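Shared between the two complexes below is subunit A, which pairs with subunit B and subunit C, respectively.
So, the complex of A and B:
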């Protein structure tokens, strides 16, 4: 079965290789490969760049609540029978289907500090726009805005699908019992969409922690003072710019374990608030 | 009567929210289109011109004659076509096997395959690079084609669920009639999965066409660049004297195929999102 071939060749084999390589000082350029035990891990935890990258990675979680809330809002709005809601759905989807390279180039232009549309609009409001692309703090914020913008549409599609699955009899029963719109929302809608919310949280947190392409495209060398770099960017740089394969593998293993931990934690917490169905 | 007015206000409010949202989504793209049709000196005009005068198609002409965007498009098409053709075949075949056939240790195997979705891609990236170097696949399109052609885990998961929902009696009846497993798959289950297949094909195409990471890492030869990398390179090449209209034109070309596909197959797309999302 081809799926198994793929699994073994491109997943299991690399995974083992990675764990093995993480304990060597493998460098492609000088072609040495010695077993050094946990040396890489010690070096990794002593590297200040790694910690900066780790902090930036956590920063990338910021857009999640934002687009989850707006996604839900749009989904609720689309759920109502309103003229043209099909058209809206297509429009919301646009950023998500577009290629990230094209989007980044577009954003570079939009957020150009002198001629960009965004700063001109801010100028009309009497605010002097920041130097989005030059200042790492603002670049980070810009990436957050961009991710939120990109993800609203897809999130709302998921929510919309979940909303459609709530049986309308529940609402009818509640209305007969005299529940108001707010009551209905908090007592029926919210619990019924917790599974999808949980799913989105899981997927999005894992996705956000792996933010990489934006960093690579918006900055050179992770921005000034490494201010925008994420962990993945760090690993990528070590592996493909400095050819320290062993070291990069060690970092990747640490990062992989962290993500696993986060995921497990989420599943542990999930039975506190996710409605499992009847 | 009072209730009616309240309702109308709420409707108007909702409509307003939707419009604002839609504007936020679309305006950047319109700006992209508008910029791509401008002459270079008009780009830096303040306040900006929304409808360029004169409309200048020169950027597109320049793009196709002076850059290697054509080879980029060619490579992207090759990769996407191969992945779609072979990937869909192998994925649907394994999905069929996992859903309907009695394979020893089926569930264990399936769990193994699924678990590969949980591992962050970066853990696999470096060793994959090393493996591809060893088997001399670097600087060819093979690393982009072969792994994905062997199947796509999320798509397989989705199809397995879908096929699992189809009646097993079909399989038994066909077996009694003397049908081989492959023919059962090909003649009976494949046609039944058509809607699920179409939406998945769109998703896979989107992923492959927009992929930037793979081509960037595995391909260093400018003749082998896919479209996304070509555009990225175009940008760094012009970094010093940024030719914004040219870059916007290139970006537009990069998203155009997806856009057309997406709008024409919108129904399948949204449905597939809905189903995969809920199952996952």
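So, the complex of A and C:
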């Protein structure tokens, strides 16, 4: 019952309100809204800024394979009983639980084009570091690096939990049958952790598509030529900076449907590779 | 079976997460039901108290933003106000300024706006046009807390809105503060380069400014920060928009000329830091380190300049365009407004008037270097006589009294066209495009967004 109330209040009702608002010219500040049919949607599809934002949003998916692979490697390293690996587990987790504002401040220092450690290090290698914070292309790359760095830890914790759940009897049986370490990994470990891998893919794709706060903190107005803005940033600006809540809701509906599509597609494909037990 | 159940659970989970940002649009209303309950609790309370005492006991909600020192100043003023009006108690809420407008809009949507609140100048038109600001005109005429003639006329008039544009008509907010924007220069660097600063009667024109900047630029010292576009454009007799504020006007040769002058400081004469130098160390910080000769500076920065500069500095008036000889620049302000939905309008108006024009607070504000006084007699009297830099305090006051203007983007319903115009100006500053090419390329998209702003404003009439 409480679950139902929660579902209606925080999901169904806002969703319906949003769909309704997407067909009005609501601006939040006045009570009355005029019904304008699909006008917002027509305008949205014609707005080049929305498509720039959509492209930038897709860019934010790039770090996912990277941190999934490294997350798994870290988890495997931690899985072995080595002294002090508990300390490493905590360290991996730190970026994820740190305040994003603090992290952004830190990264602004690291990636400062003249005085930052990153460009200093590149300088030692004889490479002239780019203007990370001023050039939108490089700002986007920097955000992607930051996301990867931040997500490796939490991903490895998930993988570690999955690894711990693989019954050791499987390995013992395989060893007796003469399987080597590689065989054991690819024939036992990999299939056994596919459910968690699938889950991580789903939530990470959604999470990446919703990138917002980094854009807000690293840029003003989405960067030069709107080059860093994501869809959520676009929606937020329209809703609260430019008083076009109805229009923003239309963008949110379109974007929500896109995410839904991607996710459904993933579920469809999951039959092919996710091992769900006997 | 097990597989299917798992699949469904996961699907529901994913969909909920996926659309949780949609929920963001609506859930604000849920948020606010919380605060509704709180204030409903207060209302009966007030009524019972008003029933048995002659003087009604009133609670006002007041919402603002600000750093620690501003909050402390306001809390002290509120305490003084409560002492003066013992029947009123004020609930003071501080919201980070980045979240303020979002929060305010949610509160309005939920019908829960505070009685009195800060209102940034960019938002005055938006809130006034949607009926969310109380008309203060008659209050100002008949109040005993301040004399409106003693307040900078410019600073009062920017809060007037006549239904189509700012500047005249009913008054919707009182200036919480005023900030003048002037040119600060490093006296030590000037002396070393043998430059004599201009006087008020005999201001520099752009060529003099450029010449001085060239003399100052040496090694890692730059002559100037990027120049104020507003000052250059307005001084040259141009503007971003035409007088109706409904059409873009930045293809005007006078606009382009001013824009190119600003850009040339960086890309042609190299007397201002390059774009990557600017992102790694802002001109402001360069100036503070004694590595920059001249820059635009707001009156809010006085405290920082007092405390952190180990060189002599002073102000000059903005240079003029050689074409017109006119000085121009913007000035800023944040307002204090009252909600028309407030049940205690008189008390709320008294509160904002008290906060805006309280002499003791004004004094604290200028002696701590946060701003220049909003009251003219104090500005020309004790502020000007104060024994602290800058020597030429009149440069700030000239902006307020004489040549300061309200920024163009603050005079339109929303500012999206302005963001659009500025989204690529770096290309001109860096010399990748000429001002002419850039302005020509932006006409269409900026005009489209401006139309949208006008349309939104019209829809409210």
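The definition used in the following text is that the second predicted complex is superposed on the first by the 261 of 278 C-alpha atoms of A that agree within 3 Å, B and C clash if a C-alpha of one lies under 4 Å from a C-alpha of the other, contacts with A are read in each partner's own complex, and residues count from 1 in each chain.
Rule of thumb we're sticking to: a residue touches a chain if its C-beta (ideal position, glycine included) is under 8 Å from a C-beta of that chain, and two chains touch if they have at least 3 such contacts.
None of these values were measured; they are calculated from a predicted model.
Visitor: Aligned on subunit A, subunit B and subunit C: do they clash or fit?
Guide: clash
Visitor: A:225 in the overlay: touching subunit B, subunit C, both, or neither? Say first, second, both or neither.
Guide: second
Visitor: Going by the contact rule set out at the top, does A:239 touch subunit B (first), subunit C (second), both, or neither?
Guide: It touches subunit B and subunit C both.
Visitor: Applying the touch criterion given at the start, work out whether A:13 contacts subunit B, subunit C, both or neither, answering first, second, both or neither.
Guide: both
Visitor: Would you sort A:133 into first (subunit B), second (subunit C), both or neither based on which partner it touches?
Guide: The second partner, subunit C, only.
Visitor: Quick one: is A:105 in contact with subunit B, with subunit C, with both, or with neither? Answer first, second, both or neither.
Guide: First partner only.
Visitor: In the overlaid three-chain picture, which partner chain does A:267 touch, first (subunit B) or second (subunit C), both, or neither?
Guide: second
Visitor: Of subunit B and subunit C, which one touches more residues of subunit A?
Guide: Touched residues of subunit A are more numerous for B.
Visitor: Could you look at A:173 and tell me whether it touches subunit B, subunit C, both or neither (first, second, both, neither)?
Guide: A:173: touches no partner chain.
Visitor: On the A-aligned overlay, A:113 touches which partner chain: subunit B = first, subunit C = second, or both, or neither?
Guide: In the superposed model, A:113 contacts subunit C only, not subunit B.
Visitor: Applying the touch criterion given at the start, work out whether A:42 contacts subunit B, subunit C, both or neither, answering first, second, both or neither.
Guide: So A:42 meets neither subunit B nor subunit C here.
Visitor: Among 44-52, 98-106, 386-394 or 404-412, indicate the stretch of subunit C whose C-alpha atoms run into subunit B.
Guide: 98-106
Visitor: Go through subunit A and flag every residue that touches subunit B in one model and subunit C in the other.
Guide: Residues common to the subunit A contacts of subunit C and of subunit B are 9-11, 13-15, 17-18, 21, 114-115, 195, 199, 203, 206, 210, 232, 235, 239-240, 245, 248-249, 252-253, 255-256, 259-260, 263, listed in rising order.
Visitor: In the complex formed with subunit A, which residues of subunit B make contact?
Guide: My answer: residues 11, 14-15, 17-18, 21-22, 24-26, 28-29, 31-32, 35, 43-44, 46-48, 90-91, 93-94, 97, 103, 109, 112-113, 116, 118-131, 147, 150-151, 153, 156, 206, 209-210, 212-213, 217, 228-229, 231-232, 235, 244, 247-248, 250-252, 254-255, 258-259, 262-263, 266, 269-270, 273-275, 277-278, 280.
Visitor: Inside the complex, what are the residues of subunit C that reach subunit A?
Guide: 2-3, 6-7, 10-11, 14-19, 21-27, 29-30, 101-102, 105-106, 108-109, 126-127, 130-132, 275-281, 413-416, 419, 422-424, 426, 445, 452, 456, 459-460
Visitor: Under the touch definition given earlier, write down the residues of subunit A that touch subunit B in their complex.
Guide: Against subunit B, subunit A makes touches at 1-7, 9-11, 13-15, 17-18, 21, 70, 73-74, 77-78, 80, 82, 85-95, 97-103, 105-110, 114-115, 117, 120, 149, 152-154, 157-158, 160-162, 164-165, 195-196, 199, 203, 206, 209-210, 212-213, 217, 232, 235-236, 239-240, 245, 248-249, 252-253, 255-256, 259-260, 263.
Visitor: Once bound in the complex, which stretches of subunit A touch subunit C?
Guide: My answer: residues 9-11, 13-15, 17-18, 21, 25, 27-30, 34, 48, 112-116, 131, 133-134, 195, 199, 202-203, 206, 210, 221-222, 224-226, 232, 235, 237, 239-245, 248-249, 252-253, 255-256, 259-260, 263, 267, 270, 276-277.
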